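Think of it as A, B, C, D, E and F in the order they're written, each chain with its own count starting at 1.
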Amino acid sequence: MTDEMFFEDYAVGTARETTGRTITEADVVLHAGQTGDFYPHHMDAEWCKTQPFGARMAHGTLVFSVGVGMTAGAINPHAMSYGYDRLRFVRPVFLNDTIRARVRVKDVRDDAKRPKHGIVVEALEVVNQRNETVLVAEHLLLVERREARTG
Amino acid sequence: MTDEMFFEDYAVGTARETTGRTITEADVVLHAGQTGDFYPHHMDAEWCKTQPFGARMAHGTLVFSVGVGMTAGAINPHAMSYGYDRLRFVRPVFLNDTIRARVRVKDVRDDAKRPKHGIVVEALEVVNQRNETVLVAEHLLLVERREARTG
Amino acid sequence: MTDEMFFEDYAVGTARETTGRTITEADVVLHAGQTGDFYPHHMDAEWCKTQPFGARMAHGTLVFSVGVGMTAGAINPHAMSYGYDRLRFVRPVFLNDTIRARVRVKDVRDDAKRPKHGIVVEALEVVNQRNETVLVAEHLLLVERREARTG
Amino acid sequence: MTDEMFFEDYAVGTARETTGRTITEADVVLHAGQTGDFYPHHMDAEWCKTQPFGARMAHGTLVFSVGVGMTAGAINPHAMSYGYDRLRFVRPVFLNDTIRARVRVKDVRDDAKRPKHGIVVEALEVVNQRNETVLVAEHLLLVERREARTG
Amino acid sequence: MTDEMFFEDYAVGTARETTGRTITEADVVLHAGQTGDFYPHHMDAEWCKTQPFGARMAHGTLVFSVGVGMTAGAINPHAMSYGYDRLRFVRPVFLNDTIRARVRVKDVRDDAKRPKHGIVVEALEVVNQRNETVLVAEHLLLVERREARTG
Amino acid sequence: MTDEMFFEDYAVGTARETTGRTITEADVVLHAGQTGDFYPHHMDAEWCKTQPFGARMAHGTLVFSVGVGMTAGAINPHAMSYGYDRLRFVRPVFLNDTIRARVRVKDVRDDAKRPKHGIVVEALEVVNQRNETVLVAEHLLLVERREARTG
């Protein structure tokens, strides 16, 4: 459950993929309840029928939260989540779509201010059951170095 | 509940602030249940006592989802959420911290590929009860223009 | 689990009392999530400290829903809930207050339009751990008669 | 988010209507869980098929709580909810029905005991996707007067 | 709501059956969220279609928890739950199956170490809408005797 | 996420331990809501103060479900859960106790009726933050053999 990795252990290109998860009406109801976002795009099946997209969609923050959560595997005590760049909602996720997440180490770079740490950039991609990309983001991890960078 | 705004109606500097919301143990339990992220940082009070941060923290995706959700007010049928840039988890949010969100129009710009739309960039800032910033992000909205851009 | 009672079987004055239930922060968070009511009276502990009432209060609809739910015992297939009169929120219920519900048959009366049914009025009272009344209402039940009323 | 209104500012006839919300199986499961009311009318799809109404129905307290919650908009610090009169469950709400709420100021009247306040009566009506009334109630608000009533 | 029974009051063969409850997608999502078990057997509708069982199944612990919960009726202050023997998941419960629970007193026996108590063994059987057994277990109750056993 | 193991790969004595999880009031409220068990032992803080055990306790089925869920790691497509023997609630789990689960392969044995499978018995032990055992059970897994047993 714990997998110790230092900055030097991350190799660009390393990738993993999660199992799938069907995004259900219950997920959307619970997410509306957690966030307070009851927009009719998510909650009003009748109104959605009258719109171009045609059916209830999951909240962007739901797809992001579940996508990120699915990638939570072994704990690395030397890494901490720092933020995300270029988060994009590429396609809607409708109720009963099934999503999976892919993570690939995209970049490893020095952190100018922190010689004892480096930054690992993981590309997160969430896809649906037709293997279409629905969300992308770049996850920034601050990871301890085995040995501090000098110079 | 609906507030129609075209791209031309957004003015840089316009700002609003939400009411507050206390992030509770129940929120964290529900978010773990929604995302499947049961890391001890969020779920194990005993282990947290042994760590430098000292107490259970909310998931970054919870703070982000609630922060975004709190800003969901009137629906603008001419705007759609496009993504987020520079999302950063600036400080931890602990159980029983109370957060508020601030939104400020930071930039309005043309969209090179879409002459009928423009991009509105809203700066999102989530603060705690001591007015300390806990999360920032830039929200990108794709908004219809009243009149298509020419040239 | 089923307890068949006809209109003629209800006697004014018959009373019952439920076990207690502590209204928790989780209940309030779940009720906000179900109803979309995130008013700071229920959700913002910091703001509540600055108010005369001093602490987060349960939603009126939560106290009512739980109070009614606690009285749901045996099913009477001959009765149906018709509505409520004089529902009053007498005192606030704060987080960690423990409530019980009391039901007493207050009145049995003919239904002018329905000779095969009668109306049973149950007085519902919800009390807290200090035995103070927090909510009252009159529950109207439409109950089949064993024998239709004539004249 | 705050909209200050004194008693004198309420005008009989003023009306508003909410967006819609589909009542889902998840809502009913969550409401059963919140209230402890697991009656087969709400929870047993097989048994419901054998009954005249034919399908699972939402709890009356769920329709009421969501109906009230949907009307929670701007906060008026000068008003407080006092209770409800003539709450009636007019028609069943089945799973996947979509409801909206309408509120209309029905009456404004003096409060005999409180010269500094008045009572505003709002008619609440919840309708389904066929515009049929499913629930009605009269909401009583105790509202501060701008100037105390004399005589 | 309380039904006092001593060890001597339990008679082998006494049986009761609960009302039914449809196991919903929301139940499975909530149980995954409570337990952290997001196995694709429960959560991934697409993958399940490729498997011999063909569709999402409820967690065994969900069927057990609901089956036990449905039998919770009157409280007997003289009995306490001690454990379960021979818990078997006999058939899968799929989403939208409707289950009921049956309890039958199977055995009453002395407790070698506790002369003031006896052990009551209840056979628990959970069946689906086709009356097929889906789960069985033997519930062990430790119950006070009216009079301590001598010799 | 998948870890293929045949019957022959299980070795008696192999053990693993999970991270910890604090059992919260929210967990108990959600479990009551899922199971319909609202006994005052779990839900009525005031009544619990008057009892020998002194404070609200988690449901036995909650401790069992979470204990089992915490052990859900890699998926073994060759194994299926068959049932549990000797499940015992050894000590109460109070709100805010933190539990961990330990699993140890206790026995591997032939299945008289199924030559292509064997039975693996895992001892499950759930402990609290004082390392006291709160629940034990024996988990029975039906596991495919790499080679069918002959004779």
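Basically, a residue touches a chain if its C-beta (ideal position, glycine included) is under 8 Å from a C-beta of that chain, and two chains touch if they have at least 3 such contacts.
For clarity, every value in this text was computed on a predicted model and none was experimentally measured.
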Note = Chain-touch separation of subunit E and subunit F, in steps, is 1
Note = Cα rotation angle, subunit B onto subunit D, in degrees to the nearest 5, is 180
Query = Rounded to the nearest whole Å, what is the centre-to-centre distance of subunit A and subunit E, using the mean of the C-alpha atoms as each centre?
reply = 38
Note = subunit B and subunit E have mean C-alpha positions lying a whole-number Å distance apart equal to 44
Query = What are the residue numbers in subunit D that touch two or more other chains?
reply = 19, 24-27, 29-30, 33-34, 36, 38-40, 70, 75
Ask   = Which part of subunit B faces subunit C closely enough to touch in the complex?
value = 19-22, 24-27, 29-30, 70, 96, 98, 129
Inquiry  = Could you list, by residue number, the parts of subunit B that touch subunit A in their complex?
reply    = 27, 30-31, 34-37, 39-40, 59-62, 64-66, 68-70, 72, 75, 81-89
Ask   = For the complex, which residues does subunit E have touching subunit A?
value = 24-26, 29-30, 33, 38-40, 43-47, 56
Remark   = In the complex, subunit E touches subunit B at residues 30, 32-34, 36, 38
